[in-house]
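Chain lettering (A, B, C and D) follows the sequence in which the chains are written, and residue indices restart at 1 in each chain.
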């Protein structure tokens, strides 16, 4: 393999090529451009799950909640105070991180499982808060008339902007993964004590990483608000979170492009699904299927090895390694 | 004053069902180290089945349905928790998938209508406090179940094996206990209890398709308040959460009633109730 | 300028795992800790690196009290350690595993790492270079792109050592580095440990192989049931009746 | 260095051929052959990390391993740990990890006895109590509250509950008071006379020397030496094997 293809940036190059090739094909259709923007937004949300879950091992069940924080932040400052969407952007990046960091600090000491549950709590509380914050969030009615971005006021421009942001996020993410911090996060995920011995302040590092991933969700929320120009209590709910987690897991949460692939796949699937009520059944079924067949997702699985292993089954032992060494 | 007592009693009535959900949470966590997010969905499934069929047959069908659902989750979790690859978060994700599936199934079959049956329109009046006879039924059912569980766990070989697998899985398998089968049975027992809880919920507060995750949270919260390792504590935790909820809805406006107990659970989580492990004995 | 452990006591519940142990680790010296299983060697290590909290006693590194510091700050002061049971993610490659050891000396922040500012690029390059030097020294170069689970146990232990020396520690704590190593690997490891000490690194060594201790250590501390039984030069210790009795289990005689 | 370890006359209860053990994909024990007759006790000696525990765990089925394992002519290779336990193999793991610290002593023993037919349980319980009378007096105590020595006795009692053919012990002397050694040694002696085959992994050579019939030395996962008990009385040879002295 040539060095270029093995570089950490190769997947990003691939994505750029695919988007560039696709753009002229869909440029004429508002329907497809609109869906393309949605795929990009969901890609960002799924990337946020990929960072938290795939890298740091924290299963966040609240990507949409963090997205909603970003979306409402920008909606409120642009509609109620007439500020620039760029102010909204700053808030959309900052506020989710400000919520996520202390939450993670309070809860992840050594096990990420409680934090996953806490994200579920956050989702529920936030939905309640949005409904109750009538003066600020518009309550059940929501906020409409959010101004489109002046520098991207057509669907085509939104398409370019949102995919551009995906590429930028991917670039930053790839760099971060391949740095001392990224390696420390991976170690901390696998073995917090090992990471501690490497000199890592594990809770602080995981919390920062979780906060960064929340910012990425906030960015997605910002795009979402300005793309749809409406934000309500039913826009970015826990069900969206579930879908997003599913996207990341199906595509391969620990890989760069997995979440993007998952977002594209599920968004397209949703377009062709019959009724909204049955979506959960199909999504849930797909999730279970993927977990059973390839728990690391489509792009995270070494398919050659998997097929080889199927033919060489080993006897089951009873969790020996898990207890070994800590006793 | 009467009002307060009435709220507390109403909360206890609700809390009993949470306590029932708390038990499988703590049982599963201590036996397998995992959390079954689908527990709330089982309960709603039970609500839906019992509601649509009705009567004792409906109750039976409801419980069968939940046991079947937990059977599926048990199989998935055993597949995911392979030796050398025990990943609790992945297992949780699996139960998440099933929860989604059930929620959507209930939505498509039963719609968005709240499902509730309140067979009693009379109240017992005890010293000026009005209590629904359902309270008595809930309390009696819980007492029976708690006693049965106590007997099964403390007095039967199966319960002994279960506790042994929880305390020391490797040791248990060295003593000829089929630990994986026991884990599986734990999932089934969880489904059964969630089914019973669901039936009681149908006759108490009712539920709709969207209650699944909230119920899971209540069960989970009840289980962690006093520590994960005893059903009795989970039951007490359930009562506390139910009472906090009832008091909030009595004295606070609107959504606070739901939010405050959530915040309580959050605080309990941040006190590290689930993190009492790791460097035991100092050998690293 | 030393690591100074004074009267450290560690308790787990009602059990006293380490009792009033003191020791000194000067730079450039190799000090060995020996004792039967359960005598508190690993616990002593954990207390020094901050993974367990001592109930009493003080620990100083270069005249700085560290016994109230969290582990990561102690590592930052120039301590490094290995584990008796190597703790590795079986899926990472050898060079990646060693790269993780540079964390305490990394200076680029999250944002310059994300943006790949020239500073970050330079540092990353520097780490890669030092990583391959370390791998060369420990003769692990040929394995660099293998994953940890493809490596024989002896090499895994060497990677553990490589990871610990990556941050150029001033003091290194090695927990049975030679267990399970082939004779040839053992010799190479002991050469490397000697080289470390010659460079001025203080080495605290827990080891069962007395041959290796004789070869390397200037000073030996013998622990029994968490307390210090005796200390001295290896040759004196080896002749000590009490030591032989403890180490081979006199009670069984 | 190919020893004829199974050459002793009489029916062999345990025989292993080409035994290996691995963690993840790292092989820590390989090519071990051994056999053990009824009423015989074999010590597996070796320093920390030599592979003793892994070897015992592979035999008991708690770590992955390969090779043939026969107990009373029945092949146990590939079976899960709990099935091996049903077929006459008992392991008392390192640091007595087969006991259940949060359950009472009586409950612990009940777990051990659960695999016997109900009619034989009381007799076996009486046998265990007779072997370690202290367990009777501690019956209602939590196993985790016992002293190290009592826990070790409980661990052995637990493992004896199902009348195994082979009892494997991983460093039973570790961290125990000398007084307990005598009790253990006496118990092992009785068990041997009763026809049980014992496999003992030990670092404490003098303790092993008191009670075993034969020994093998494990180093880097291979058997490097074997012999009879008499060798173990020579301190010089022990020193060679364990301290690395004499080899400079």
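General observations
Just so it is clear, contacts are C-beta pairs under 8 Å (C-beta built on N, C-alpha and C of every residue); 3 or more make two chains touch, one makes a residue touch a chain.
Because the structure is a prediction, the values reported are computed rather than measured.
Each step here moves to a touching chain, and the least such steps from subunit A to subunit C number 1. Taking each chain's centre as the mean of its C-alpha atoms, the one that lies farthest from the centre of subunit A is D. One simple way to say how far apart two chains are is to compare their mean CA positions; for subunit C and subunit D this gives 32 Å. Averaging Cα coordinates per chain places subunit B and subunit C 47 Å apart. Centres computed as Cα averages put subunit A at a distance of 30 Å from subunit B. Distance between chain centres (mean CA atoms), subunit A to subunit D: 52 Å.
Residue positions of subunit D touching 2 or more other chains: 24, 61-62, 64, 80-82, 97.
For subunit A, the set of residues touching two or more other chains reads 193, 316-318, 320-321, 323-325, 327. Looking at subunit B, one finds that residues 83-84, 170, 173, 179, 279-281, 283-284 touch two or more other chains.
Those residues of subunit A whose C-beta lies close enough to touch subunit B in the complex are 53, 57, 59, 61, 106-107, 109-114, 116-118, 120-121, 124-125, 128-129, 131-132, 192-193, 238, 242, 245-246, 249, 275, 277-285, 287-288, 291-292, 295, 316-323, 325-327.
Of all residues in subunit B, those touching subunit D in their complex are 83-84, 157, 160-161, 163-164, 167-168, 170-179. Residues 49, 51, 70-72, 75-76, 80-81, 83, 85, 87-89, 92, 96, 99-104, 106, 108, 110, 113-116, 120, 123-124, 127, 163, 167 of subunit C are the ones that touch subunit A when the two sit in their complex.
Across the complex, subunit A meets subunit C through its residues 172-173, 175-176, 178-184, 186-187, 190-191, 193-194, 196-202, 208, 212, 324-325. Taken in their complex, subunit C has these residues touching subunit D: 36-38, 90, 149-153, 156, 176, 179-180, 182, 208-212, 214, 238, 244, 247-253.
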